[in-house]
Each structure stands twice: as C-alpha cells, then as structure tokens.
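The structures considered in this document are given below.
One chain, chain A, links the two complexes that follow: it is found with chain B in the first and with chain C in the second.
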Partner chain A sequence: MKAAAVAAVATAFAWLLLRAESQTSISLLLLLAVAAGVAAARLRFRLSGPSVLAFAAVAVLALLLREDDFSLLLLTRILIVVVACLGLNVQFGYAGVVNFAGASFFGVGGYTAAILAPRLPHLLVLLLGGAAAALVGSILILPVLRTRGHYAALVTIAFALLFRTFLEVNDTLGGPQGLKLPELVIGPFHFNDPVFDASFYLRYVALGLVLAALALGVVQRLERSWIGVALDAVRLDEIAAASFGLSIARWKIAAFTIGNFITGVAGALSAFMIGFIAPNNYAFSESLILVSILLLGGIGNPWGLALASAIVIVLPEKLQTIQEYRFLIFAAVVILILLFRPAGLLPRPLRRLKT
Partner chain B sequence: MTALLSCRALTRRFGGLVALDRLDLEVERGTVLGLIGPNGSGKTTFFNVLTGIFPASGGEIGFDGAAITDLAPQQVYRIGIARTFQRSRLCLPLSIFDNLMVGNHRHLRHDLWFNLVRRKALRRQIGEQFAAARELLRIFDPPLAERMLEPAGRIPMIDRRRVEVCRALISRPKLLLLDEPSAGMTHDETLRLMDDILKVQQQIGSLTIILIEHEMSVIERITSRCVVLNYGKKIAEGAYAQVAQDAQVKQAYLGLE
Partner chain C sequence: MRFAAVALIALLSFAARAKETVRIAFIGPLTGGNSAIGLGGRNSADLAVRLRNADAKAKYTYDLVVLDDECKPDAGVQMATKAGSDRTIVGGVTNYCSVVAMAAVDTYHRFGLPVIVWGAVLPDITYKNDFKEVHRVNGTMINQNQTNAKFMSEHGYKNVAIIHDTTDYGKGHDKYFTQFFTQSGGKIAGDFGVTADQQDFTAELTQLKGLKPDALYFGGLTPIGVRIRAQMDKLGLGVQFDGTSGIVNDDFIKALGPNAEGALAFREGAPAEKLAHGKEFLEQYNKQGYTQPPEAYGPFAYAAAVLLMDAIEKAGPDRKKIIAQLSPAHVKDVESIVGKITFDDHGQNTVPVITKYVVQDGKWVMWEDSEYASGKRKLAK
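Right after this comes the complex of A and B.
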C-alpha cells in the first residue's frame, strides 16, 4: 500500500518534471524532491514492495508522455543506463572488480550491433552484443587478475583509452565517423514506426523496460543465492575466502563476464535507438559517469543505481545552466557522497537469505 | 593408529629469516595438539604453510595418507582442513548466516543454473543449511543462534569468535586449526569456548584439533600433547606438565636468568 502510494507520487513528480519548461518551475520541483529525500532520510523511511510497481510506474509515465518524443527518449536512455550499471554492479558491487571501462563494453555491444544488424535477426543481435562484450572482457580480465586495487583500476582505464583510439583509427569500423544502424525490427514490430498517433519511442521504452526487468531479475537472483554470498566473500576478504575453498580468480571472472554481458546488451540497444554510433559515444568520461552513478546510488543496490541514473541523465537536460558544467558538478557530488554518505543515496540492505 | 597429519623437515623462509626451521610434527587422530611458543616463533606461519597460504620452502606435509605440501588453500580446505584466524576475519557487513555459509562452501551448489533458475531447490537447500547452522551455533550460544540474520559487525567480540569457530566447523573438517581463539576475550570466555569446541568434537567424533594459545591454563586443560616452538624450531614436545618443566622452554619464555 505504502509502496503503491510512493510509486504514484513518484510517477506524478516525474511527469511534472519532464513536462516542466521554465527554469523556475524545474528548480522548484527539484528543491521539493531534495526536501522530500532529506525528510525521508531523517524519518528513516523504509520502502519495500514488489518490483513490478516500479516498472508499472515507468510504463504509466511513458503512456502519459506518449506524444513527447524528447521525454520518452530520456526515459529510454535512463532504462538503458540502468541496465548497463546493473552489469557494472555485479562486477564492482558484488565481486569488487573495479571496471573503469564500462563505456567500452557498452561500445563493444554497440559496434557488434552495428556490424551484425544488416545480417542477423535483431533480437539475436542484442544478445550477441552482450556475448561480444563478455568475450572482450575475458581478455581484459587476465591483467586485471594479476593486479590488485588501484593497479587493477589502472588496467581498466588503460583499456578504456585504448579502445577509443582503436575505434578512431579502424577504417572497417568507420573510423571517427562511426557506423549507421538499420531500423530495429523484432518480430512484427518496426521500432521506427509511430504507435498509432503516439511517438515511436514508446516501443523503445517498452523494450528498455523488458531488458531492465530481465537484468534486474538476474542481478537480484544472483545476489540472493550462494553465488551472491561467494562474490561478497571474495570482495570482502580474499584470504579468508581462499581458505574456505573459494577460487578468487574463478569468481572474479564469473562476475566480470556476467557484468560485461549485461552492459553489452544495453550498449547494443542504445546503438539501435540512436541509429548511429561513433567513438565519441564511448569516451572514458562516459565510463566515469557510469562509475559515478554506482557511487552516487549506493554500490550493490539496484534501486540506488536506478535513482542515480535518473538524476544523472535528467538533471543536465532539464537544468540548462548546469549542462556545460555537468562533469564538474558530478565530480563534486561524488566527492561529497564519498565523504558524507559513503554507502550512497540508497545503501545496499543486508542480505537475508532465509525469510 | 597412524597419524592424521605429519610434517617432515617443514621449512619456510622469508628472505633471510627462517620462520619455520626443519619442523617435524605429528598429530594423532581425534587428539588436541597445543602449539605454543613466544611471539614470532613461527606458530601462525606453520598454519599458513599448512593451509597453503604460504608455499613451503622445503620439507613435506602428509595428511590422511596423501602428500599435501604444494596444495593451494582451496584444495587444503576441500580435503578437510579448516581454520580460524588470529585477527578475526569475518565478513562484517554480511549476516552471521552468510558468514557461516562461506565456511560451508564445499557443500553448496554454485552453478548458475541451480542458483538462478532452480529457485525452489535453492530455497530448500538454504532452509536445510539454515537449520544445520542454527543447530551448530546453539551448542555455543543459544541466543546467538536466533540472531543469524543480523550483520556480523554488530555482535560483540566473543560472539564473533564463536561465529568464526562455527564457520570452520560447519563443513565438518577432519582437522581444525585454531589460531589463538582467546585473543580479545576474558579468561572465562575462553574456557567456555574451549569446552564448547570439545563438546562438538565429541559429537562429530573424528575431529582433530591443533590449537595455538598463549593462555597456559587453556593449554593445560584441553590439550593431550604440546609442541613448543622457538625461532621456528621445535624445542620441546610432550604433555603440558612435562613440557612446562623443560629448561629450554622456561628459557624461551622467561629469558636467561
């Protein structure tokens, strides 16, 4: 009941915010949201309810905005980023494998989609985007396993920088100009046709919702299982974990591969939606944005990263004044979070395997 | 009866330092061996070499009829050796139950299909494991057994020790290595913990224990035999009463008079 009310209020708020035009009303709405957030934190407000509610809320929101191309595009972008971050969350949040090349794996998915889309059914292409990202990740994991902490992070940073340079000089992948993708077609659905009078983006929102639901299902099941326990043990204490039979390398590889697969699928869908990809879409700064979403939302908590994705994507689009300074502001926000709320906006709750 | 564990000339060097110096050691099945010696005498190093955390620089370890000198920690655990750590190494943000399940890794199913798809079977296994963990924890402290879904970081030191011992016991090892379980506990708490461990030992029968301990009253009470180390060498061996009278041991602990 409480969860349903919160979902309804959040939907109404999101609708108002996305429809708002003047900078004053947007600022007022945002202040209201901050006040509500602070009040909820002060009152130790705890929310639990079926995940279906959240997805229903997004679906209702999309229907309310059915003719507003721009808002629907934002909504889909949020869903795609949520999926990508769910992948990173398995690596970073559970197994403790830092990955500063999230945008690169997102890009592997995108480029795979661009190459395969003219030849294969598109549903398969989405999956192959994930598979390609997982495959590339299995090469990067080798040096990552041989290093610890900051050095493992540096390896992934180096990979992210190399990946973009590789795309820029590679002529078969379109070089700096990038590649174009055909229209996304799944079964009878042509994704660029309008839905009756409404925007064609509605289909992308629907597909984004399906993917987000699947990714969330996998990640939540993973967390609430023996695998989740094993990954946490590897992250928290490698010596103790090894002493109880856990193979550190095996679990890190598993988490890295699963995470990259999810991120790659998100990248493939993103490429289809934009219809055109170029190396600039997959710059190192984009990887940093993904990591900052994890830190902001609360490492290990899918709902936290969903909230953070929405904030990080919507804010710069709605508040034009911060558009140019967004990297500066995100950096400051991440530092503040790390200092004052290190577990993030929505800290990960304790796992209770037996209910 | 043949020994469960036997070490021959076991050596471990750290650069120029010889932390374990040609150590010969045997432990009979079902007994409790006390491992004592001053700080830095190589007791914990012995555990670390035995469990594969540090590779041995020389010598051999035999366990249950097989050579285990070069096994990785994961393999050592799988053949039935479990340990606790001198400095508590629980995963504090995880629940007590989760921590215990880390210790039972070899009896749990970890494939993706079972964990992601066969949720009913998974829940059943969780239920069984939960009941078994509660039963074990109850031997040590009944109220603690009812708090298994609380984070391990929120319980006092003595309970953390209990959870750590249970984490090592839950996989039913053949050999249990206890590294100074009394650290951070009072004298009475330590004695109670030891009594509880002996209770478990009697219940599961074939458990063999090696105990590193500074509290001599604990050693006196529960060990059948002691080995004294100093500078990585074995300087005495035998029942506690006998070892305590040894001139070399007195000298190692108290210095030359």
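Right after this comes the complex of A and C.
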C-alpha cells in the first residue's frame, strides 16, 4: 500500500516537473523534492515493494505525457542511462572492477548498431551491440587484471581516450562527422511512426522499459544468487576470496563481460533513438558522468542509480533557463548531495536472503 | 484623477497587449570547448531580438529561447526536439557545430521547424537532404577553399603541403582544398592529419621539408596553428603559411608575435567594420555590455536572427508560412551585416562573401588593402 502511494506521488511529481517551464515552478518543485528527501531521511523512511510498481509508474507517466515528444525523449534517455549504469553497477558495485570507459562501451554498442542496422534485423542488432561491447571488453580486461586500484582505473581511462581518437581518425566509421542510423524496426513496429495521435517516442519508452526490466531482472538475480556473493567476496577482500577457492580473474572477467554487454545494448538503443552518432557523444567526460551516477545513487543499489539517472538527466535540462551557468549549478548540487549523503542517495542495503 | 489613472493603465495594458509575443529559439554550444563562439552567437542573436523589440514599427514582441547543445549530437537532437515540439516556438537560429547540425536536421524536418544555421560549415547540412526547413546564412567550407585554392594558384604556388587536424573541421578543409587546388592544376606534395591537441610537429615538418613544397596549407584552429607556425621556423622551413577561417583571430598574432607576419587566411563574410551595418552592429553590441565578444560567427547569428524575424514580420508567427517566406523566391539579395543573402533550393546562402586576409605588422589586414597586394611586400616562396 505504502509503496503504491509513493509510486503514485512520484509519478505525479515527475509529471509536474517534466512539464514545468518557468523558473519559479521548477525551483518550487525542486525545493519540494529536496524537502521530501530530507524528511524521508530524518524519518528513516524505508520503502519496499514489488519492482513492477516502479515500471507501472513509468508507463503511466509515459501515457500521461503521450503527446509531449520532448518529455518522452527525456524519459527514454533516463531509461537508457539506467540500463547502461546497471551494467557498470555489476562491475563497480559487485565485483569491484573499475571501469572509467563506460561511455566507450556504450559507444561500441552504438557504432555496432550503426554498421549492422542496414543489414540485419534490428532486435538482433541490439543484442549484437551488447556482444560487441563484451568482446571489446574481453580484450581490455587483460591489462585490467594485471593491474590494481588506481592503475586499473588508469588503464580504462587510457582506453576511453584511445577509443575516441580511434573513432575520429577512422573514416570507415564516419570519422568525426559520425554516422546516421536508419529507423528502428522491430517486427511490425516502425519506431518513427506516430502511435495513433500520440508521439512516436512512446514506442521508444516501451522498448526502454522492457530493456530496463530485463537488465534489472538480471542484475537483481545476479546479486541474490551465489554469483553475487562470490562477486562481493572478490570486491571486499581478494586474498580472502582466493583462499576460499574463488578464482579472482574468473569472477572479474565475468562481471566485466556481463556489465559491458548490458551497457552495449543500451548504447545500441540510444544510437537508434538519436538516429545519429559521432565521437563527441562518447568522450571521456561522458564516462565520468556514468560513474558519477553510480556514486550519486549509491554504488550497488539499482534503485539508487535509477534515481540518480533521473536527476543527472532532468536537472541540467530544467536548468536550461540559466544557460551557460547550468552545469555550474548542477555540479554544485551533486557535490552538496554527496556532502550530506557520502554513501549516495540510496546506499546499497544488506542482502536479505530470507524474505 | 482616478479616472485618468484607470484610463492610463487601460491604455498601457492595451499597448502592451497590442503586440503579440513570438518565441524563437537559439541553439548553440554554451558550455564546453566551443562555448566562447556559442556565447558570442547567443549574445549576437539576443542583440538582434533586443533591437527589434525596441523598434516601435515591429509587429511582434520577440522572446529568444536559448538552448545549449553542448556541441554533442545527442544533446543537439534533444534540444531540437525541445524547440520543435514546443508549438509556441516558430523558428530557430541554430547550431555552430557541424556534427550537431547534421544530427539535428532530421528533427527540425520532422517537427517542421524553420531554422537558419548560423555557424556550422559542413556542406552536407544543407545539401545532403532536401529539407525545406533548413537554411544557412554562412558559407560552407566549399566556398572558403574555392577562394583559397584559386588565390594560391593565381599567386604561383604549384606544390602545396597540407597539415590538418582530424576533427570534422580540419578534415573537411583538407578535402575541399585538395579538390579545388588539384582542379586548378596544383599538386599536393603531402597530406598530414594531426590530433587537435598535438604539441610537437617536428616529425611531420621534417618529413614535409623533404617534400620541398612552396607553401603549407593548414586546416585547423588557432592553438595548433600557432605551434606549427612557430616550429616551422625552428626547422628552417620558410614556406608561405596558408590558413583557414579557424586562425583569423587576435590570439594567433599575439602568440606568434613577428612570426605571424605574412600568414594568409580566408574567412566567410566581409569584416563587420567594413560594412555600414556592421559598424552599427559592433557599436550596439558594445553598448549592451555583453561580457563576451561576438567572436567570428556572432555577425552570422545576428544576421540569421534578423532574417528570421523579418520573415515572421511578413508571414506571421506560423511555421509553414515562415518556411514559405524563407524560400529562394523571397530571400534574394537581402542586405545583411554579413553581405547579401540569397538562398538556393537547399536554403543555402549562395553569395557568401569570402574575405582574404594577410597578417601585416601584427594585424589581420584585408588582402586588397595590404602592402602585399600592392607589391610593396612579398609573400614567401
């Protein structure tokens, strides 16, 4: 009951915020959100309920916004970023493998989609986007396994920089001008046709929801299973884990590959939706934004990163009215949140195996 | 007394209401590496709107909705969707970055939003599709390099080496200069692509020196242009330096000092101070107290905003009618601060003026006014 009420309130709030245009209404709504957040933290408000509720809330929100192309585009972007971050979450949050090249794997998915889309059915292309990201990741994992801590981080940063330069000088991949993608077609659905009178973005929201549900299902089951326990052990203490017979390399490879696959699929869908990709989209700074979503949400908690994704995408957008100062304000907000909640908005709870 | 006050208020509110407010969008990079040019463009478009709003003869009051595309295609599509799906916005002055413009034209077309590109130079933006919504006031790299190549062959340069950066900007310049220069009988001695943040060019320049070119064409922006020009001297490579619009700014001369002397460059548009309206533009711009300079493309953003508002004045705030008003039939030899504007079937301005520049005594001087043209000084061979 409580969860249903929260979902309804959150939907109403999101609807108001996405439609708000004036500076006063946006500031009022944001203040309200901060107040609600602080109150919830003070009252030690705990929320548990079926995940279905959250997805239902997003679906209802999409239907409420059915004619508003821009809000639906934002909503789909949030869902795509959630999926990408769920992938990173497996790496950072569970196995403790650092990956500062999230946007690069996102980009591998996007470029794979751009190249294969004219030739293969698009549902397969989405999966191949993930597979390509996993494949590229399986090469990068070699130096990552040989290094630790800051050094492993440096390896992934180097890869992120290299990836962007590679795209820029590679003319078969469109070079700096990028590539155009055809319309996404899955079965009988042409994604760029309007849905009755409503926006064509409704189909993208639906597909985003399906992907997010699948990714969430995989990640949550992974966490609850013995695999999740093994990954946690590897992250917390490699020596202890090894002495219990866990193969560190094996679990790191597993987490890295699964994570990159999920991120790659998200990248492929993103490329289809924007219809155009270029190296600028996959810069190192984008990887940092993905990592900051994890930190802001609370590493390891899928719901935390969902909330953080919404903030990171919607806030700069709603700050457009202050033009060139928006990222300044946005960055200040992120720092403030982390100052008061150093473990993120929704830190990962302990695993409760009995329910 | 009270009656008079009521009447006055009624009159005032009537006067205020008599003008309908029309919203137009400005889209450009306000944050990130290209923000200087984006903010200059934003200020210039804002200036056009302010001047129009101060004009009692204008039929409408204009409201400029400023959106930041961050010079990223995904953000650009997002902003194009925002402007396009907002039915109160009737037109836009959009895009400096070519990639973003390429990504966004489909969205403008989908939503039927008339836009005038104010800075992106990639030819494909207007020529790849047949979108009636998309127009452009600035010239493309094609025009600039056509003039450049012609100039070089006319002045007896036959064998030119190229260094360009690997961004869309540098690569495009490389492509079109090569095309036009070889067409006019010239030869490309060598072609080197470098990343936009490279520091040391000894390897490229040494190799290039062996090729014995009579000039070095550089397609890129000021920072590496400065490094290359400085390192040429160190290696004793004294050939003519031929640049693009990307180096026509004071920073290039400031960083190089006397070494900048004799460098050539080509840019779209006549210099603002050379045009009657251009002078007015600079005066008004300074009067408004903007904290950033208009930069190279500010005048284009201003001209685009004026052109759009003129179309709205004539056609009314209706997207379809504005598009009709911006068709080649109506936009022909329209006076603007960047020279005359004439749109072709693709909405491309076909008479973009290209100005030739040469550095003389620490200043970018128009070629025709320089001592190099009069024969007093000579370009390097």
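The working rule: the second predicted complex is superposed on the first by the 335 of 355 C-alpha atoms of A that agree within 3 Å, B and C clash if a C-alpha of one lies under 4 Å from a C-alpha of the other, contacts with A are read in each partner's own complex, and residues count from 1 in each chain.
Keep this in mind: a contact is a pair of C-beta atoms (placed from the backbone, for glycine too) under 8 Å apart; a residue touches a chain by one contact, two chains touch by 3 or more.
The structure displayed is predicted, hence computed values, not measured ones.
*Asks:* First (chain B), second (chain C), both or neither: which does A:Trp226 touch?
*Replies:* Once the two structures are laid over each other on A, A:Trp226 reaches chain B alone.
*Asks:* Where does A:Gly178 make contact in the superposed view: on chain B (first), on chain C (second), on both, or on neither?
*Replies:* A:Gly178 contacts chain C only, not chain B.
*Asks:* Could you tell me if A:Ala240 is touching chain B, chain C, both of them or neither one (first, second, both, neither)?
*Replies:* Touch status of A:Ala240: first partner only.
*Asks:* A:Arg46 contacts which: chain B (first), chain C (second), both, neither?
*Replies:* neither
*Asks:* In the superposed arrangement, which partner chain does A:His150 touch: chain B (first), chain C (second), both, or neither?
*Replies:* After superposing on A, A:His150 lies clear of both chain B and chain C.
*Asks:* Once the shared chain is lined up, is A:Leu350 touching chain B (first), chain C (second), both, or neither of them?
*Replies:* Touch status of A:Leu350: first partner only.
*Asks:* One more residue to check, A:Gln320. First (chain B), second (chain C), both or neither?
*Replies:* A:Gln320 contacts chain C only, not chain B.
*Asks:* State whether A:Arg119 touches chain B only (first), chain C only (second), both chains, or neither.
*Replies:* Neither: A:Arg119 stays clear of chain B and chain C.
*Asks:* Name, in rising order, each residue of chain B that touches chain A in their complex.
*Replies:* Residues of chain B touching chain A: 51, 53, 72-74, 77-78, 82-83, 85, 89-95, 97-98, 101-103, 105-106, 108-110, 112, 115-116, 119, 122, 125-127, 130, 148-151, 167, 171.
*Asks:* In the complex, go through chain A and note every residue touching chain B.
*Replies:* 218, 221-222, 225-227, 229-230, 232-233, 236-237, 239-247, 350-354
*Asks:* Residue numbers of chain A touching chain C in their complex, please.
*Replies:* Those in contact with chain C are residues 68-70, 73-74, 77, 165, 168-169, 175-178, 180, 199, 270, 274-278, 280-281, 317, 320, 323-324, 326-327.
*Asks:* Considering the complex alone, what residue numbers of chain C touch chain A?
*Replies:* Chain C residues touching chain A: 30-31, 35, 39, 42, 66-68, 71-74, 77-78, 81-82, 84-86, 97-100, 102-103, 106, 111, 122, 124, 166-168, 171, 193, 195.
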